[in-house]
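Common to both upcoming complexes is subunit A, partnered first by subunit B, then by subunit C.
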Partner chain A sequence: MATTSIKNLKEFSTTNDRFEGAHTLCPGCAHSMIVRELMNCTDDNLVIGSNTGCLEVSTAVYPFTSWDTSWIHIGFENAASAISGAEAMHKARKKKGTLKDNDASVKFVAFGGDGSTFDIGFQWLSGAIERGHDFTYICLDNENYANTGGQRSSATPIGSTTSTAQAGTHSYGKKEKKKDIVAIMAAHGAPYVAQLAPNKWKAMAKGFQKALETEGPCFINTVSPCCTEWRFDPKDTIGITDLATDSLMFPVYEIIDGHELNILYRPKTVIKVEEYMGAQGRYKHLFKPEYRHIIDKVQKDIDEQWDYLQRREEARI
Partner chain B sequence: MQDLKLLANDKRGKTELGSRRDLVGWHEVTQGSILPSFDGDAIGIALKKAEERVYSNFNSYTATVASWRVQKPVFNIDVCIDCQNCWVWCPDSSILSRDKQMMGIDYDHCKGCQVCSEVCPTNPKSLLMFNEYVQLEDALASWPEKKKKEK
Partner chain C sequence: MAVKYDLNEREVWDGNFAASQSLRQAKVDVVAAYPITPSTPIVENYGSYVANGYVDGEFVMVESEHAAMSACVGASASGGRVSTATSSQGFALMVEVLYQASGMRLPIVLNVVNRALASPLNVRGDHSDMYLGRDSGWIQVDAFNAQEAYDLALCAFKIGENHTVRLPVMVHQDGFITSHTAQNVYPLSDEVAYDFVGDFKPVDDMLDFSRPITYGAQTEEDWHFEHKARQHKALFDSREVIDAVFAEFEKISGRAYKRVESYDMEDAEVAIVALGTTVETARVAASELRSEDGIKAGVVAIRNFRPFPFDKVREALANVKSIAVLDRSSPGGAMGAFFNEVSAAIYSTPNRPLVTNYIYGLGGRDFSIEEAKRIFKEQKENADAGHIMTDIQQFSGLRGPSLGFFKTKRG
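The block that comes next holds the complex of A and B.
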């Protein structure tokens, strides 16, 4: 395994980018920050598969590709299946000695949006993890179906307005809570599961390297702020991510072998979730008196989850 | 300051997106088709800098999105401390860093999102946004002074 040094940003910056510009993601999109970091934290050969979504359509604008690695363009639900197939074939050919370079280190990675990961590709992801292929699945969680105009997914938090769960006089937006994908993936017994955030670049790079090094199926949920659907100024992508991790709306943690939980970032000062929500247009309506109780509910859920994560970390179970 | 042209591959940003009419259309592309990112062997590409690579005409490195920009970031090397915040967070791989130093901006791929300027920690900032038509020399000549800390 050829890892790049991530001791500090200066050393990390000597890596040569393998994700090229002139893709058509929106200015300020966090998807590409996350993809660049994954590709920059290793020198190994990569085989990458992408589910349909913003990342996939924006990096394969015919006749161009933004990927300096093998990259498979696949349907909405299929990244986990495609990458399992590629990994199984590679293993078989390695055994037979029919690869061009039998000693080269190759890593298999799949990228999916939250729509494809939490909803539409869920069954196939679950199957690939159960079969135990050696790959890393990274979910780019922007909490909505961004590529088709911002519909709600099971990753959309309660109270967020979306094009299919709109806030208005009779509705505060989505009514259901977000699915806890990290817990679900850990319950599969995957050897490495984590939730990471691009503002905490070092924790993210370390987590990516761990997942790539770990044999077997690894799953990482990454928070990927979407300026277009979350409604904030593109320049603030990292600022919004700071609010997400500091309010503990997105706690940064890992779970090893389904039980050993480590918190990877503890904010010095925990901020209130209303500060995070107030910075985005998708939560604007919650600040009306009649919907205020939703903010309180979200805060209560966050406090409970943080308490739970800390207890689990301590208990080592 | 190193000549930024030395950091660019000859092929960088030569084509407008959507302008290639010489190729077969979408419908004629068969399942299982492959678009190579490089001409020739791609083994060991991770160890090669952009200026050393042989990009194919299918690589989006050879395309430009410069026309998306309304404002452009301007880099002032005199203030920069080479922290590389701008490099790690640029969503468009447009910060040219070499040997731990920030060298400048790839204006073929920069979309002007302003993230780099936001995350730049120096005082005054080493990256500031200017209108696209402002000359680089004029922008540098108008650089603000160090801001005093508010008490």
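The block that comes next holds the complex of A and C.
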């Protein structure tokens, strides 16, 4: 394992860059920050799989590619299986000595959006984690099917408007709570599971390195604010992420071996979720008097979850 | 190093065992699979080779057939030999990834033990799953017995992995009739078999980091058409390689294979065109009819369903008077798909024989020698009359009132 230095951002930004800037992701999209950080935090060879989604359609439009490493996309749901196959082939060929460089250090990574991770690719991910392949799955969670125009996914939070769970005169948007993917993955017994955010870049890089170093299947949910569907100014991506982590809408934490929970970022001042929601167009309707109770509900859920995470951390169980 | 597996010159294997032995002898690097009746024993047998050290490769038992083919794609793109097996519903679940595997030009070998598609649920053999794969861009070869399931699986690696082909290959056998019926099989020795298949030579290897490769790019109206055209051309061009591989296999085994197999067709007046185990039944019927009734009957079997041997079918049927094309798949509101393809091939022959369509054997309904004889006799009546005397499409072997569609006064 060849990790790269993460002492300061300036130094880090000049490390081995295998993700080309020439992609077609929206200006202000957090996906590229997360992907670059993953690829820059190691000097190891990478085999990367991507589910169909914003990242995939924006980085491999023939005859161009943004990936200066081995990369494969099959379908919407199956990057975890593709990487399972690649990892198994690496094992087989290493054993038989048929690799071009038998000593090269290789890491296997799969990327998926929340649609492909929480919904359509959930089974494929679950299977790959259960089988114990040595890989890291990173979910780029922007809480909707952004690639196809912003439909609801099971990662969409309650109260958010999406094109298939719309806010209107008779609706406050999505009715259901977000699926707790981190807990589900931890319950699989994955050796390393985390939720990370690009504004806390150092914690994110360390988490990525830990996942890559850990033998076995690791899962990381990353917050990826989507200026297009969350409706904020593209220049505000990191500012919105700050509101997400400081309101504890997206707590930053890790779970080791399914039980050892560590909070990786503890805001000095916790802000109210309405400050986070108020900064985005997708929650605008919740500020009408008839829907304010949804904001209160979200705040209550956040408070309860934060309490739960802190107790888990303290209890070490 | 794998433990030596002792083989007799003659073994008694069913089709599933034969297929699993071919995977062992080809030294497959990754088998990623999910069990489904009737192909399950292929995977189980392979699992026993893994458990007892007879193979060195990786065995990945995934959580669905979709994931199985997805893992096969990831493994194949990583520069090694890959194979799996499936049937029916599992095949249907794989379909999305079948197109992706062929589009990425990955030489995966898929053993398909043919079985009906639900609903109603049915575990027995018909060709619904084989037909479902016919536009997927894979090469499809069809075995009619256990020996052929073994032979053709070995050939499949050599065909698909040829650098001018680089396409995935399905090896079909009939569910239960072939897959679960023990027959004499003459295997090659491990050394001869592997020497024939050869080492895997990767193209665009994801594990060669000196040359990064992007698999599964997006193309829209600007490039998609050109990619699909090249893929189609590669499929049709694979005919020469298939012929050459069959010729080479004959040298080491003494067993000859052709893309279209003609039986007693030299002077035949009437013919059955069929796939799968039905071919053997029809051959027996043809032979008996020749001695019993003096009917000049012959059988044309399609060994290579894809690329469809349009030219060879035309040659094989050029001089016959009346043909029955047998479809073992529910046609779903059309003439049988196989009938349509054979008819299209012979339409442009000068002789243009009469051609009728029999739907038979769905869900594993038995197809007997008597039934084949009746079909031949109907062809003889057509041939003598000079036009089709029956419905153009008939359901054969159906319980209850007869079912048929479309009549014609002429041929």
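Definition applied: the second predicted complex is superposed on the first by the 315 of 317 C-alpha atoms of A that agree within 3 Å, B and C clash if a C-alpha of one lies under 4 Å from a C-alpha of the other, contacts with A are read in each partner's own complex, and residues count from 1 in each chain.
In the analysis below, contacts are C-beta pairs under 8 Å (C-beta built on N, C-alpha and C of every residue); 3 or more make two chains touch, one makes a residue touch a chain.
Note that the structure is predicted; figures quoted are calculated from it, not measured.
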Clash or fit (per the criteria above) of subunit B with subunit C on subunit A: clash
Contacts of A:W124 with subunit B and subunit C, given as first, second, both or neither: second
Touched partner set for A:L9, first subunit B, second subunit C, both or neither: first
Touching partner for A:I256 - first (subunit B), second (subunit C), both, neither: neither
Touched partner set for A:P27, first subunit B, second subunit C, both or neither: first
First (subunit B), second (subunit C), both or neither touched by A:T65: both
Touching partner for A:R36 - first (subunit B), second (subunit C), both, neither: first
Touched partner set for A:F19, first subunit B, second subunit C, both or neither: first
Partner chain in contact with A:K96 - subunit B first, subunit C second, else both or neither: second
Stretch of subunit C penetrating subunit B in the combined three-chain arrangement, among 220-228, 238-246 or 310-318: 220-228
Residues on subunit A lying within both footprints (that of subunit B and that of subunit C): 45, 61-63, 65, 67-69, 101, 104
Contact set on subunit A toward subunit B in their complex: 2, 9-25, 27-33, 36-37, 42-45, 59, 61-69, 101, 104, 198, 201, 234-239
Footprint of subunit C on subunit A - complex, ascending: 45, 47, 49, 56-57, 60-63, 65, 67-75, 77-78, 81-86, 88-93, 95-96, 98-101, 104, 106, 123-124, 126-127, 130-131
Touching residues (chain side subunit B, partner subunit A) in the complex: 13, 17-18, 20, 23, 26, 29, 35, 37-38, 42-43, 45-50, 57-65, 68, 82-85, 87-94, 97-100, 106, 108-115, 117-119
Footprint of subunit A on subunit C - complex, ascending: 29-30, 32, 56-58, 60-64, 66-68, 70-80, 82, 96-97, 100, 199-200, 205-210, 212-219, 223, 227
